[in-house]
Amino acid sequence: MTAVLLSVLALTLAAVALTRRRLLWGIAVLGVHSLVLAGLYFSLAAPDVALTEAAIGFGLVTFVYLLSIRRTGRIVVAAVECPGLLYPEGEGAVGLLWELLRELSTRTHRELELRWVERDEVQALLSTSEADLAAGDLIPSAAEAHFPEVEFLPTRIVRARLGPGPLGALRGSREAELLPKGGRLFPHRGALLSALERGELGGVVVNLLELRTMYLGGKLREAEVEPLEDTSFSVLFAPDEEELARTLEEVVAELRERGEWDDLVRRYL
Amino acid sequence: MRIAAVVGVLALLVGILLVGAFGLFPLGDSPDWEKLARAYGAENGVAAVVLGTRLYDTLLEVMVFALAMVGVRYTLTPLSRWKEPVVPERGVVREMADLLLPVVIVFSLYLAASGHLGPGGGFPAGAIAGSGLLLLAMAKGIERLSRELHEGTLELLEYGAIGGLLVLGVASGLFGVRGSGLLVLFNLLIGIEVTVGTWVVLHYFGSHRGEI
Amino acid sequence: MTASLSAATLGIVLVALGFGALLLRRSLIWKLLGLNVASGGAILFLVALSHRPGARPPLMGYPEGVPSADPLPQALVLTAIVIHFATLALSLAYAISLTERLHTQETGRLEEAAEEEMER
Amino acid sequence: MTAAVAGIAGYFVLGILGFLVPWARALSAGALLVGTVAYALWFPGFPTGYLGLGDWAIPWRGDILAASFWGLSLFLHLILLVHQEGGRPQHYYALVTLLFGTVLSTVLSQDIFNLYVSLELTSLIAFLLVGIEGKPAQVWASLKYLILTSCGMIFYLLGVGFVYAETETLSLVRLSSSAPAMAPGLRLGIALLLTGAAAKGGVFFYALWLPVAHGYAPAPVSALLSSLVVKMGIVALARISAAFGIGEVLVALGLVTGFLGILHMFWEKKLKVFLAYSTMSQLGYVLLGFGLGAWEGAVAYAVAHGLFKALLFLAAGEAEREAKSHLIPRHVGRISGETRALLGLGALAIMGVPPLAGYAAKGLITAVAPPWVKGVLIALSLGTAASFARLLVLPLGEGPKFEIRHPALWVLVAAVAGTGIWGLVSFPGIALPRALLTALLVSAAGITMGWPFSRLSARLPRWHLEEALLALLFASLALLLFQFLSG
């Protein structure tokens, strides 16, 4: 009877552990699971195995995991590449957002861990809490409206048409939702830009910042531009990171108060 | 689509394995192991198998453990070390560690030395002693302790223990030497090896990422 | 009988659960947790096979006539636990090394980064 | 058997010492000496002996398989020690010594759990060797290898449980002599054991870690992995299937891995990944041989493949260094005459051109094969020749001039030719003019077929971690279902 109860308990714990969002919780629950397994071995007349499982499966494995993650102390950023806002350079990044994130990091005493991702991965990463926040070329789409967000820079989504042919946009973005029928979706900026260069596209649906980059890059010199929606760039947070969102809001507000915000915007944009 | 494939294949696997597993029961009587245990001078059937009949498996397993620790060491060494100062010495923690450490060491020695009589053996003993060292590290600061425990000496201990095990194991097999003294020796050697290995892995994980 | 049976069932289900996590979680460290659960399941299965109804541990000094558990699977399991721990520690060290240098834990990206590195 | 035990112990002790002292390479040579003496003492074989007392002792037997693999690994150890590469850390030599020691022990083992531990040890050393240079791609390849083989070994462990519960023994000697009744549990147990061994042994669908692990590892390590480490999985497969008399499973696995490996070779650009897929397809011959009961042929093929694949990988390492690229197209005209000659000779050997080693081994398998298998073997040879036609471009291309700088590799070439000629002399049945002519014709036809094929393009699945794992699960399910329903 004990064995059956312990079995059910161990199964529940394993299922709970493996479906957690937070890694720390997963590891902690899995530690308890190991301990229950040790109890189960004991009740199955295997004291040697129980002892070894308790010392190694519970003790060492949990220790090693805890030592190797230290995720609790990190802010994992799902970063969507965007010139001016957040762009990879060496180990870190450059851009307006990078300044904001660094300020956030010093204020919360948590290290930053950047993970460069594509636009369409953001939703999955945030909803599983594999990333704490997402930033970069990011205007929340309708599907992402439920995440906590901090708007920091107004912009506008426009349709830029060069000639005949389908329009293109980034997959998973707000722009993609505004794309007229027959439009083409691209996994990342690079693919969009190279399709534009090859002349496969008649135009794009982009935000103003991206439009400016493309214009400066000489790709959209003679485009007809038509505004679609006024919106703003945001930083999105995982559902359980509302406090982090509030801190970022404070950071932005203070920068505005001190008048440093305009300097930053001028420097990077 | 992918989720469906995963769930489907796993469900089928579980189903077929369960059907097979149910066919295994009821199991026949346990084989008589007491004669074997006596031949090796053990009162614990598991110890008689692990350190007696199937000592060779155990030797290979010890090598797996040691080599994995070698791998951890060489993989983590080139990575940046944790730059923040290690935990400052805190009075309470330190005293707790000083109190607990002897208990842990004695307990693990007991486990290793009595492994052929009751539950225990070199592996849990080593794991517990290694964790005891970690406890000490919490109090003293990991860098300081790793300086005090000279790395060269530790390596000598670790590889010496494996070498000793190999030579003793092969010699005892070839010359037919058996007895409980030999089992205690094996368990102690395994215990030393695992203690050092555990310390190495915890120390490297600790000092290359995060603080203890 | 019910004890071994339920433990054996749990062992097999844990293997499947671990594989499920290994396949469906995207981050490397979660995958390794899944692998850990799966190997625990295999070990539990072997222990369940060593048990007999009403059995005592494979130690001497019990009264005559009490059936004993089979020591062989238990001995195999001791070996397997240590091997699993060793491979887990090594894979965690690899995971740390990869995360530090490629700044991602997602296996798809790791795979692409590796491929890129080799396509020179 | 005492000699074998002493030789292996020598390997292990000297290998472990290599971590402590700064002359691991010399110790490795010492281990080779000890091993060679031990081999000379027990050759050509020894009867079943037990390490330990009682029914659960581990049986060892020095049969033809073990003797051949001892010879192969001692020879490869010599080559790796002599082949000048430079810049390897000390622990590389210690690990290589331990790896050879483990291989020597694995091939003697006749016990399913001892095989498990030995396989785990071989692949653990292999993980370390693959990632030894610490490049992220290699670390990733190693981790993928680790994860996938660990999954396989979980199945193996379950299989040990099933088999032990049904038969109360782990010894393959006992299992084969008592011919147990095939209860459903036992059949499933065998399928699980085979799954685990196949995951270690580079069988297609079971071991899709192999292309990256062999392709990204340093060249000598790839040579070792291909020649010896994956063969340990194959040895386990052969031993298990022989004990239970289920050769047909090996035949099926051999067919699958033989053809799918070739399919992937056609469109692979990276030289070493190409060779890795070729290893998968070549294992098909070995499995077919074991499955059909042609042990001599299968063992001969395993040894021959060990020799010429080591040659190919070592030469590929030189080519990559000279051309500073991993891609085959970029090697054209940039690699030295010696490397081109070595790659060309290796390619000819793998195609089965007489009198090189590949031909004799293929002949030995063909000799016992039923007619339909003969057709399959010819198709496999055609495919191999067609896919390797791409590599023959390299020797024909222009490049730096010929100059012998790697004598160790020429010793390997001599061994490839020598074993081939020895095979032709000692088995006159395969040296008939008709057989020789057929082999030449098949190779020539394959090469001509290869030119148009290389112009085609195809989208083959890329076996990322998840796909590889899913493939392993589906394949193991197929094997389980087959075994379950075949009763």
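Each chain gets a letter, A, B, C and D, in the order it is written, and its residues are counted from 1.
Here is the rule we go by: a contact is a pair of C-beta atoms (placed from the backbone, for glycine too) under 8 Å apart; a residue touches a chain by one contact, two chains touch by 3 or more.
Source: prediction; values computed, not measured.
When chain centres are set by their Cα atoms, the one at the greatest distance from chain A is D.
In terms of C-beta pairs in contact, A-C outnumbers the other of A-C and A-B.
In terms of Cα centroid distance from the overall Cα mean, chain C ranks first.
Averaged Cα coordinates give chain A a centre that lies 31 Å from the centre of chain C.
With centres set at the average Cα position, the gap from chain A to chain B is 39 Å.
Chain B and chain C, compared by their mean Cα positions, are separated by 16 Å.
Chain geometry summary: the mean Cα position of chain C and that of chain D are 27 Å apart. Residue numbers of chain A whose C-beta contacts span two or more other chains: 47-49, 52, 56, 60, 64, 68-69.
Residue positions of chain D with contacts to 2 or more other chains are 56, 113, 117, 120, 124, 127-128, 131, 134, 139, 158, 165, 466, 470, 473.
With touch defined as above, residues shared between interfaces to two or more other chains in chain C number as follows: 4, 9, 12-13, 19-20, 23, 43, 45, 49, 52, 55, 57-59, 68-69, 72, 74, 78-79, 81-83, 85-87, 89-90, 92-97. A complete list of chain pairs in contact reads A-B, A-C, B-C, B-D, C-D.
By the touch criterion stated above, chain D contacts chain B in their complex at residues 2, 5-6, 9, 12-13, 16-17, 19-20, 51-58, 91, 95, 98, 102, 105, 113-114, 117-118, 120-121, 124-125, 127-128, 131-132, 134, 139, 158, 162, 165-166, 168, 183-185, 188-189, 466, 470, 473-474, 476-477, 480-481, 484.
Put simply, chain B touches chain C in their complex at residues 3, 6-7, 10-11, 13-14, 17-18, 21-22, 24-27, 29-31, 33-34, 37, 43-46, 48-50, 54, 57-58, 61, 64-65, 67-69, 71-72, 75-76, 79-80, 118-119, 121, 123, 201, 204-205, 208-209. Residues 44, 46-47, 111, 118-121, 123-124, 127-128, 130-131, 134, 198, 201-202, 205-206, 209-212 of chain B are the ones touching chain A in the complex.
Contacts from chain D toward chain C in the complex involve residues 56, 113, 117, 120, 124, 127-128, 131, 134-137, 139-144, 146-147, 150-151, 154, 157-158, 160-161, 164-165, 170, 212, 215-216, 269-270, 273, 325-327, 464-466, 469-470, 473.
Residues 2-4, 6-7, 9-10, 13-14, 17-18, 20-21, 25-27, 29-30, 33-34, 36-37, 40, 43-44, 47-48, 50-52, 55-59, 68-69, 74, 77-78, 81-82, 85, 88-89, 92-93, 95-96, 103-106 of chain C touch chain A in their complex.
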